[in-house]
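Pasting a structure here, questions to come.
For reference, chains read A, B, C and D in written order, and residue numbers begin at 1 within each chain.
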Amino acid sequence: MSTETLARPHPSTPADAASDAGALRQRYAAVRALSRTLAAPLSAEDQTVQTMPDVSPTKWHLAHTTWFFETFVLHAFDSGYADYHPDFNYLFNSYYEAVGPRHPRVERGFLTRPPLEAVLAYRDHVDAAMLRLLDRDLPAEATGLVTLGLNHEQQHQELIVTDIKHVLSCNPLSPAYVPAPEGAHHPAGPLRFVGFAGGVLPIGHDGAGFAFDNEGPVHDSVVPDFGLASRPVTNREFADFIEDGGYARPLHWLSDGWATVQARGWNAPLYWRRGEDGHWWHFTVHGLRPLDPDAPVSHVSLYEAAAYAEWAGKRLPTEEEWEVAARRQPVAGHFLDGTAEEPRAAAPNTDSDVPVQLFGDVWEWTRSAYSPYPGFRPAVGAVGEYNGKFMCGQMVLRGGSCATPPGHVRPTYRNFFPPDARWQFSGLRLAEDS
Amino acid sequence: MSTETLARPHPSTPADAASDAGALRQRYAAVRALSRTLAAPLSAEDQTVQTMPDVSPTKWHLAHTTWFFETFVLHAFDSGYADYHPDFNYLFNSYYEAVGPRHPRVERGFLTRPPLEAVLAYRDHVDAAMLRLLDRDLPAEATGLVTLGLNHEQQHQELIVTDIKHVLSCNPLSPAYVPAPEGAHHPAGPLRFVGFAGGVLPIGHDGAGFAFDNEGPVHDSVVPDFGLASRPVTNREFADFIEDGGYARPLHWLSDGWATVQARGWNAPLYWRRGEDGHWWHFTVHGLRPLDPDAPVSHVSLYEAAAYAEWAGKRLPTEEEWEVAARRQPVAGHFLDGTAEEPRAAAPNTDSDVPVQLFGDVWEWTRSAYSPYPGFRPAVGAVGEYNGKFMCGQMVLRGGSCATPPGHVRPTYRNFFPPDARWQFSGLRLAEDS
Amino acid sequence: MSTETLARPHPSTPADAASDAGALRQRYAAVRALSRTLAAPLSAEDQTVQTMPDVSPTKWHLAHTTWFFETFVLHAFDSGYADYHPDFNYLFNSYYEAVGPRHPRVERGFLTRPPLEAVLAYRDHVDAAMLRLLDRDLPAEATGLVTLGLNHEQQHQELIVTDIKHVLSCNPLSPAYVPAPEGAHHPAGPLRFVGFAGGVLPIGHDGAGFAFDNEGPVHDSVVPDFGLASRPVTNREFADFIEDGGYARPLHWLSDGWATVQARGWNAPLYWRRGEDGHWWHFTVHGLRPLDPDAPVSHVSLYEAAAYAEWAGKRLPTEEEWEVAARRQPVAGHFLDGTAEEPRAAAPNTDSDVPVQLFGDVWEWTRSAYSPYPGFRPAVGAVGEYNGKFMCGQMVLRGGSCATPPGHVRPTYRNFFPPDARWQFSGLRLAEDS
Amino acid sequence: MSTETLARPHPSTPADAASDAGALRQRYAAVRALSRTLAAPLSAEDQTVQTMPDVSPTKWHLAHTTWFFETFVLHAFDSGYADYHPDFNYLFNSYYEAVGPRHPRVERGFLTRPPLEAVLAYRDHVDAAMLRLLDRDLPAEATGLVTLGLNHEQQHQELIVTDIKHVLSCNPLSPAYVPAPEGAHHPAGPLRFVGFAGGVLPIGHDGAGFAFDNEGPVHDSVVPDFGLASRPVTNREFADFIEDGGYARPLHWLSDGWATVQARGWNAPLYWRRGEDGHWWHFTVHGLRPLDPDAPVSHVSLYEAAAYAEWAGKRLPTEEEWEVAARRQPVAGHFLDGTAEEPRAAAPNTDSDVPVQLFGDVWEWTRSAYSPYPGFRPAVGAVGEYNGKFMCGQMVLRGGSCATPPGHVRPTYRNFFPPDARWQFSGLRLAEDS
């Protein structure tokens, strides 16, 4: 998603579990609480600055997700609702043109006012109104918008983590966002290729339960037989690519990728830093630490992912291949469990025929451009104003990362970023023709 | 193609008609002659300058296409060949990294030396050697490379036309490249949508006869039922979009498209100029002329094509849909017939069930990102060094234009350009879901 | 000064009043206290962000001025001093290359850490050490450096005001930095030209008392007879220039000035905003307010000042002319009196032969390029490392502004900025040939 | 001059020698002939391209200088004159806003039309009319404008040389503009400093004979005693600066200079190229040749000149100092003598008390910003429209170069360029305080 995806309930979404009023109220409270938990370790100063256009301040995320509920739910379904502040609609709109003018994205870091405490009070104000509203019997449109708002907030929770990681990475003190967890370190498993049988297969979301509209409609697609790596590429393997001159020669790069490498002076993934002794260090959410060679490589662009695959004599999977492989698996993995962590190697897996870590740890770049599925039509109205407007120039990633809240992704979930984006937990998994 | 495509004979290409020695020799002479015919109306000054990075000087095209035969054919198959000049390999290499360093693309317009007459002498030198070589009994690899070189030269013939059109458009005198032809003017036919039945259908080139490698391998694809417009969008129709505020509101645009419109101040297709009386004028290869409302709109970017389609309540076709529709038709249309012309309305067609002008007049943007077909693997060696390296960030166009030499395109032919490119004869045809 | 000037005691400076130990200690305490007073109305968030490269965060100013005393005084003269934090030398060095590497200027706004409270603790730590040191009998070099440090801090006090004004101006809420004062409003006096007799006259500082080295050596200069306006140009007068198409035609502009107007879309001084009713509003340190027509125009670049003067049929004075006129006057005016204010018209003056407001309210652009005086030589060592390195590409301003601490400027004081700088309280006064 | 200076006869200019009708006619023919001589070695292609914004094509220079006579002389004084072509006023105006719109400077290299032969015919057409006019008895205003036009053309003759040198330098073939002359090579003389007595001295042009208006009015200035180097800095000496890390350390650089060095990657004067064996080569008007260590260093910016002087423990002279030294000398030296040459060491000089090469070989940067002299007022009308508009942001150079036509410069002549300009024959001479 280009810092956030446009989302709306799939038109054919039937009532899902969350539409049960009590469950929805409970889920609202839980999701909203996580945002504040993520912000808790940060000072007001930390939550205010913007270190590049793609990054938004934590404070802005906290306010914008709140604005969503105020604008699309409370204004529509709570006639007694009084706005917290008349200027906040302008300040915290992101890109919904139909809702009116908005503050320029690149100047989000200039918003020293309102202060953090006002944004937190804004959250309290809206939460109180929302919880009152959720006690009432609501129409399906309203509960659909609440569900959408919660999925929207989960997307911003991932961005809170990745954006503050970038902010702190720009500080020469290399401060930690959160302390590092204790826990067993696993070596990366051996790299194997698991074969999958192709055919004319259904791809996309069938409408049962919540999904973003870009996941549908479900449609048949011809998927050839293919092989998929048993695990993502590791930091150790990526370091081998670097040592072999990966960033120094154009041979394996896409044309635009090589131009980007030269223009920006890239010589390693974002956040890798070469120590004076030649060893790699890694700026993490826990501060600067020695690079973990077993962890999946992260913070690489599509360009770097594709160059690595070419160098390795393999290729990236298509999004359809990835979905075929993932559909058979439980949506389980290393997700955002209350506090930010880094990708890590999975615990050993005895079944060599099943790829591990398809979900969680790192988003996996595919070689599929982000395009509309057959039959896709943009939704009507402000919420869905621009459902298709990002469907050019971006590439699909699949599977979620260690910064994705649990329960947010599905096998059909399509994330998307421009091919040069690196500040997400983005990695890769190799594929091959059968 | 990003100013030129990388090309090589499809691996499974059997001997085609041109491999008959006499025919190949004759075709060599004819193709090479056309390049000089295209340059003939231009002074040495005209042939030297470069008005933007995408544009190459005519002189450079004349030399680079010659360099191709010298480097890949004569050096390999004519042991007695003596280079015309030792510096020309550096000067006229385009992007073949394996062949050695090369002159920067953006500085091609600085090459006042060698003078035009030296480039023409270089052509004579190489042509003489090539014709001697083509009298001999050549291995299939050699005739394959000659065929490839001729297709390569045809691509540059199209660029000679589009690049000099840009060069002359930058001159306040609005000079004509060639005189306008006499001939009947046809009104545009009515716009109808022709229905096509989908299914699991073969897409791509099957290897019979010459094709570029990006056209294959042939593979099955699920194509839904669809409707395709009977003809391309016209200048009149596009002017309606402009009058309706098409360039003034973000509503119909892709996100990157709207950003481009604002950053570059676009308010009409390239080469459209509003007269003081409010009427549209058009800079053409015949100089500045009143806009022909019946002609297909040309020199629009993918962004403009997609915005128009959205405004019209339709969409762009996928490349597979286009190919399904085109495969049933003869490859005939308004191609480059010895001298440059502009797109124009087709003669009336009595059969309303057949789309017209799929071939020739304007390249038609599709909504398909330029991606590798299943099973595509880059070829080995300098000629095919980078067959896949442009397969990111570009969009597919189909069908050829009035600047494409006849015989160059096929139903499977994939042209590609970045979504903001406008200096080609690029237009659009609407599609709809069935 | 290019955000801050390099300064050191004039080589021939004798002991000045401040070298009396008690007085220096008292002055140290007072100057240091003012910085905290200026920061007091601002939240930690306000003090952290940077809205353009020229602007530094308040927090950075508070730390950098402290770093100066730590680095140049305590490290040199207090052997028992323990650094507050080892990283602060890197973080808060501004551009003293000899002192070691430093944090990039454009990334000062990324320093969410150290937090404001740590910077204030740093100030306390250094102040305690400094006050202990100032109780001792110090060599003249030490007291000279303390005096220099205090003048340096005064320069940063002016920047605290102008930088936070810019920061808050970028907030769509148009917040006030400080409340507006009560007080009588005076109309601007009539514009008269006061004649001054020229001759071969001494220019520059003679070494008695503190001065920055760029003010000397004193030297003779030929100053022709000239006339100087009785007061600065007002907002009302500058608005007339705008209404007359001042920003719409190249006629009166310097060549680089006109290019700047076009490239940046300037159509009024910085901080002027046209209301929907066509009236001018003014973003001030007290928030958005109606433009005061009687106040001196401020926040204009040299380009705008020169264009206005040309439009008015006059010219800007040279810095020598300004100094000749100012030397006869007491250094009194509307300076920074504990809290930030805006420029305003002076109280009526009965003596029509004396220009008013030469000191305070607005810095006055001269038409003199900032060049070394005859005999100027850069000083040796880190403090004076780059005394002359800004003497190219900048223009001299004279007289101080409403944001200049009282006691900081002199008739010989030379401020300097690039000709396109607008975020200082910079205005102009007309001159004419006699 | 910023590629060309604005010029007009000094208001108080009495009739000078050239106003004698026959002499003026003869001078007209001679000056006009030299432009064609300079263009003669160049092909139409060479004369068409523009390799950077500061460079104009030879063809444009040939046309623009002709436009000057057509616009300011023939239109005003020859009622029977018929324009050669109505479009040429737009095409070949440089920056005279009052004369109407004009072709953008950065697109001068797009003018493949009109062809060179048309420009030469334009010259013939105007020359014929001019020579007819010069046979008549003309008013002083007319002869003044002709004289101005000839001085204007001489400025463009220097630019023809420096601009084509840049054009050819961008060609990887390193072609020669003209063959190298035969002749004795002189070693550089020893570097001595010659003392000059200062005082209150007259500076500027007194109005006797032609001068540009920026040279006046003559006025008194206080010039201190000073020393001036006996000759310019040589290539050998400048190479020592490079070897000593001159471009690698900020120590000696102006602040803007060091930023420029880093942003553009400068590590030597323009046109210096390090050979594979470590020796310096020099792209010259005679092609690529070994660097002549005895020749004055040329193609350095003010930044490089000032850094060298600082490194050498000296300084650049002021323009007043230079003028005081030069006023005593004959205006003789190595000027443009019919064909382009490079700077070279002067023949040995027995008189050690006289600086050599003040005139010719290289323009000498001074440390004086280009500012108006006291009493300077811009002239009225199109010719003098912008006499003062370049008096900001540029620095004064003195003395002329090997590309300056003989008879063009005077001791009072003020050339000016931005401090980063390097494509002129610009060098430096050291000065010191006495």
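As a working rule, contacts are C-beta pairs under 8 Å (C-beta built on N, C-alpha and C of every residue); 3 or more make two chains touch, one makes a residue touch a chain.
Everything numeric in this text was worked out from a predicted model, so none of it was measured.
Participant: Check every other chain and keep only those touching both subunit B and subunit D; list them.
Facilitator: Correct list: empty, since no chain touches both.
Participant: Work out the mean Cα position per chain and let me know which chain is farthest from subunit A.
Facilitator: D
Participant: Could you please state the distance in Å, as a whole number, between where the Cα atoms of subunit B are centred and where those of subunit C are centred?
Facilitator: Spacing between the chain centres: roughly 60 Å.
Participant: Whole-Å distance, subunit C centre to subunit D centre, using C-alpha means?
Facilitator: So the centre of subunit C lies 38 Å away from the centre of subunit D.
Participant: For subunit A versus subunit C, what separation do you get between their C-alpha means, in angstrom?
Facilitator: Computed from C-alpha means, the inter-chain centre distance equals 47 Å.
Participant: For subunit A, what residues touch not just one other chain but two or more?
Facilitator: In subunit A, no residue touches two or more other chains.
Participant: Considering only which chains touch which, how would you classify the arrangement: line, ring, star, complete or other?
Facilitator: Ring.
Participant: Which chain pairs here would you call touching?
Facilitator: A-B, A-C, B-D, C-D
Participant: For the complex, which residues does subunit D have touching subunit C?
Facilitator: 2, 95, 97, 200, 219-222, 224, 250-251, 253-258, 302-303, 306, 318, 367-369, 371-372, 374-375, 377, 386, 388-393, 395, 419, 433
Participant: What residues of subunit A sit close enough to touch subunit C in their complex?
Facilitator: 43-46, 48-49, 51, 87, 90-91, 103, 107, 109-116, 167-168, 170-173, 175
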